[in-house]
Amino acid sequence: MKFRTLVVAGAVALAALAGPASAKDWKTVTITLEGAYAPWNMTNPDGTLGGFEPELAKVLCERAKVECKLVASDWDGMIPALNAGKFDIIMDALSITDERKQVIDFTIPYAQTPAAFATTKASPLANAAGSGTEVKMDVGQTGVKEIDALKEAFKGKTIGIQAATVYAKFIYDNFGDTATVREYKTGADRDIDLQNGRIDLGFDDSVYFQSAFDAAKGELVFTGPQIVGPIWGAGEGLGVRKSDTDLRDMFSAAIKSALADGTVKTLSEKWFKTDVSPK
Amino acid sequence: MTLAVTAVALLIGAVLGAIVAAAKLSGNRVLSFLGSVYTTVFRGVPELLIIYLIYFGGSTAVTAIGQAMGYEGFLGLPSFAAGALAVGIISGSYQAEVFRGAYLAVAKGELEAASAIGMSRALRFRRIIMPQVLRYALPGVGNVWQLSLKDSALISVTGLAELMRTSQVAAGSTRQYFLFFIVGGALYLVLTSLSDQVFDRAERRANRSMPSAMGQV
Amino acid sequence: MPEVPRLSVRDIRKSFGSHEVLRGISLEARDGDVISLLGASGSGKSTFLRCINLLEVADGGEVWVDGEQIRMVQKGGRNRPASQKQVDHIRAELGMVFQSFNLWSHMTILQNVVEGPVHVLKRPRAECVEEAHALLRKVGIGDKADAYPAHLSGGQQQRAAIARALAMKPKVMLFDEPTSALDPELVGEVLRVMRALAEEGTTMLVVTHEMGFARNVSNRVAFMREGLVDSMGPPQEMFGAGASPAFRQFIGHFQA
Amino acid sequence: MDIAFLSSTMVTLLKALPVTLALFALSVTIGCVLALVIVWMRVGGNRYLAAFAKGYIFVFRGSPLLIQMFLVFYGLAQFDFIRNGPLWPLLREPFVCAVLSLALCTGGYSAEIFRGGIRSVPPREIEAARAIGMSGFLLVRRIIAPIALRYALPAYSTEVVLMMKSTSLASLVTVWEVTGVAQRLISHTYRTMEVFLCAAVIYLVLNFIVLQAMALLEHVLSRHLRAAPPAAKV
């Protein structure tokens, strides 16, 4: 009996240290971001987190009437870490997909963005077929005409992607048999390698790339069509544990109201120079 | 942050190491077997994996205990605790070996001499064994500190903003990889050489009864 | 034609820091000479021996082995051998037996003995092994060929070390207090081997405290004192009435 | 316990084993050669070479391997003269970068270990070798190296085990060895514990084999330290 109390006390003490402790009535919520996926989220020089998502999170938490704490963590371990109770919400341009729905739950989307290839300005692969156009794709769809044209053009090349993303799956499904795929821990690592010429192409979220291009001082450019549609899931939403349905509903409602009154649009235009709200 | 993690880890490691070393030396077959398993496993599995296992597995375990005790919801292990625990467990396995070696290095004759003048077991341990074990173990503990200092770089994967992660994020956002990693590396060099000196001095102090040991380094 | 001395040392000087250990020592060993070097500790006997095969480099003086002079040069204000190759070649012609045996601990006795002939002199291994066995039998440890040094007694180790030196077929054997590190009961077996070598006509230079050996085996005795040769002569003279007062005082300690 | 999942995980992870083993074998071999060069500089007598070796050892032992690896992989590639240089086709490959940084790092550690071994060679045994006319390379090869190797072996086997474990860091520069594949599996299955446990078992087994091999080598090399074999006559 005494031992039990002791263990519980110890566990509670640890949990109190941890912060993301979760009583049933949500007072404080811990949200994780990568802090290295500008302009979605980034780490400011003073160590705080900034970008589109931290600002949106502030709005959402106010509307959900909870205290929020932002913590950085590594992208490729986020979902297991969420289920291990490290934090309560993932807000990191996380696409809502069926695969992920098997392990976690999502709020409604707060953004929906296209994805595209990037390469260096001087690369022979710049201006590949379909550049400047949009291609709509469905979940799991392959054999699309425009994509097959790209596949031919990118034969034998090396494509860099961030590990554990929807884009990774897309590249493996469509280019895995003819091109070399290399997975990086962060987008920035991939970009620097693209710039350094270790890989020929990168594939990622377009608005992310847009800001990465600024950082690369015009060395990187888009190539080929922008790819949009349900293939990227229903857009980017907040990830929560399956058991936390109340939390999910609270934040879904907050997102709904932020979309309705144009808050998302304003923030989006501030950070992305374009509106990413889901249509 | 790096220093804090390493210091806490070294403490955890010292306690674990002492327990495990005692278990291995106890002469009890079950205990010494368990001790060997501990040192083998944690020295044989990559640090990165151990950190991941404790980061993910640790909170699952804490949560499971909590729930078994009737506590609802999730209990998390913060990055700092998980990181320090992981590096501590690893350094514990190395320190156990260091302590064991140091204990075995205490000359049998000196123990017999202590018994001969009628020292009790406890007194013998406190007055004769401990001071000598500490002296013999010091260089080893110094090595483990260096090891832990560098292991702490791996905690960056759990998102704790220690030296490594800070340089990584800075490198990523500024695209100045070379610069920031050089700076990060240089900072570690400063830390390791500073701590080297501290341990050197401590060692010299501990060795003051053995002048012959000096000057050989 | 005058006979070329096996070993000729002229005016060797050596200082360690400000301490002058050897202050100009000359010595000559002709074929078959057995010279015992006596002297108190610190008189420079061992240093003298080590200067001959250049384990220590003398500050000045000449060493001739079998008519060949070891060439020296001044480099950076210090005396140095001109050619490592010549040094190696001279060393191969001088057999050295150390106070503490210095057998190579990672090799068997046989390997210790054949190491030099095979790798320094580049002679065929089979031939060397055969000779080595003969040498080991000669020093009385024929059955220990495959043992490691740590498994032998001190006396056996020293006899193995003598066999190792002999295997190089040296022109002169140098002994540096070969029995000082041995327990008293083991001294005899080593001295017996040395006496046998002397009787075969091996040229030997022996630093020792064994008065019996100096008196009965060697044909010349040199007494060193304060970095100089105090007196030198046949044993019957040295131990007889004509001895110098210093030598008489020195041997007095041994007769007490 | 989900046996089917564990066994399929094991099979996937084992497919990455050749990469881990190649990383290990190459970096240990190159690192060992490098260490010999460094230690030769360190004890060779030339003041400048010794200072360089000292600096090398200080830098590579004093900073985390992870930083060294990132520097080699991302850092070097930032310089135009590297990208346009003759080595770029090699340095372009993540595998080469991983081997390079692992080898550079273990080179520093092993050099210190070898130096410790050399320092424990009894000076008298070296002197005995000089006295029969050995010098230079012959002396090193026949006397110093064999004795030093024996003394350095226990510390060196620890270093080799550390290297085996260090290969797991290569996953962070996009080399898909066992740990990297484990992480990829997790990103598909989200089952952290099972996958990492499988990976841990693989490393344990590998290190067990390495340690056994080293112990065997040590046993062979220390015949001269063991008690005499039961002699024919006692």
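Lettered A, B, C and D in written order, each chain numbered from 1.
Here is the rule we use: a contact is a pair of C-beta atoms (placed from the backbone, for glycine too) under 8 Å apart; a residue touches a chain by one contact, two chains touch by 3 or more.
In this text the structure is predicted, and so the values were computed from the model without any measurement.
Asker: So if I look at the partners of subunit A and the partners of subunit C, which chains show up in both lists?
Answerer: D
Asker: Name the chain with the Cα centroid closest to the overall protein Cα centroid.
Answerer: Closest chain centre to the overall C-alpha centroid: D.
Asker: For the pairs B-D and C-D, output the one whose chains share more C-beta pairs in contact.
Answerer: Of B-D and C-D, more C-beta pairs in contact link B-D.
Asker: Quick one: point me to the chain whose Cα centre is farthest from that of subunit B.
Answerer: C
Asker: For subunit B versus subunit D, what separation do you get between their C-alpha means, in angstrom?
Answerer: 22
Asker: Can you compute the centre-to-centre distance for subunit C and subunit D, using the mean CA position of each chain? Integer Å is fine.
Answerer: Chain centroid spacing, subunit C to subunit D, equals 45 Å.
Asker: Centre to centre, by mean C-alpha position, how many angstrom separate subunit A and subunit D?
Answerer: 38
Asker: Distance from the CA centroid of subunit A to that of subunit B, rounded to the nearest Å?
Answerer: Whole-Å distance between the two chain centres: 37.
Asker: Name the residues of subunit D that each touch 2 or more other chains.
Answerer: As it turns out, subunit D has residues touching two or more other chains at 74, 78, 192.
Asker: By the touch rule stated above, which residues of subunit B touch at least two different other chains?
Answerer: 52, 56-57, 60, 171, 177
Asker: Would you pick out the residues of subunit C that each touch at least 2 other chains?
Answerer: None at all.
Asker: Judged by the touch rule stated earlier, which pairs of chains are there in contact?
Answerer: A-B, A-D, B-D, C-D
Asker: Please output the residues of subunit D touching subunit C within their complex, sorted ascending.
Answerer: 122, 124-125, 127-136, 138, 142-143, 146-147, 150, 221, 223-225, 227-228
Asker: In the complex, go through subunit D and note every residue touching subunit A.
Answerer: Against subunit A, the touching part of subunit D is residues 74, 77-78, 83, 88, 92, 94, 172, 174, 176, 183-184, 186-188, 190-192.
Asker: Spell out the residues on subunit B that touch subunit D in their complex, using ranges where they run on.
Answerer: 40-41, 43-50, 52-53, 56-57, 60, 146, 150-151, 153-154, 156, 164, 167-168, 171, 176-178, 181-182, 184-186, 188-189, 192-193
Asker: Can you list the residues on subunit D that touch subunit B in the complex?
Answerer: Subunit D reaches subunit B through residues 58-59, 61-68, 70-71, 74-76, 78-79, 161, 165-169, 179, 182, 192-193, 196-197, 199-200, 203-204, 207-208.
Asker: Which residues of subunit A touch subunit D in the complex?
Answerer: It is residues 76-77, 79-80, 83-84, 99, 103, 163-164, 168, 182-185, 189, 192-193, 196-198 of subunit A that touch subunit D.
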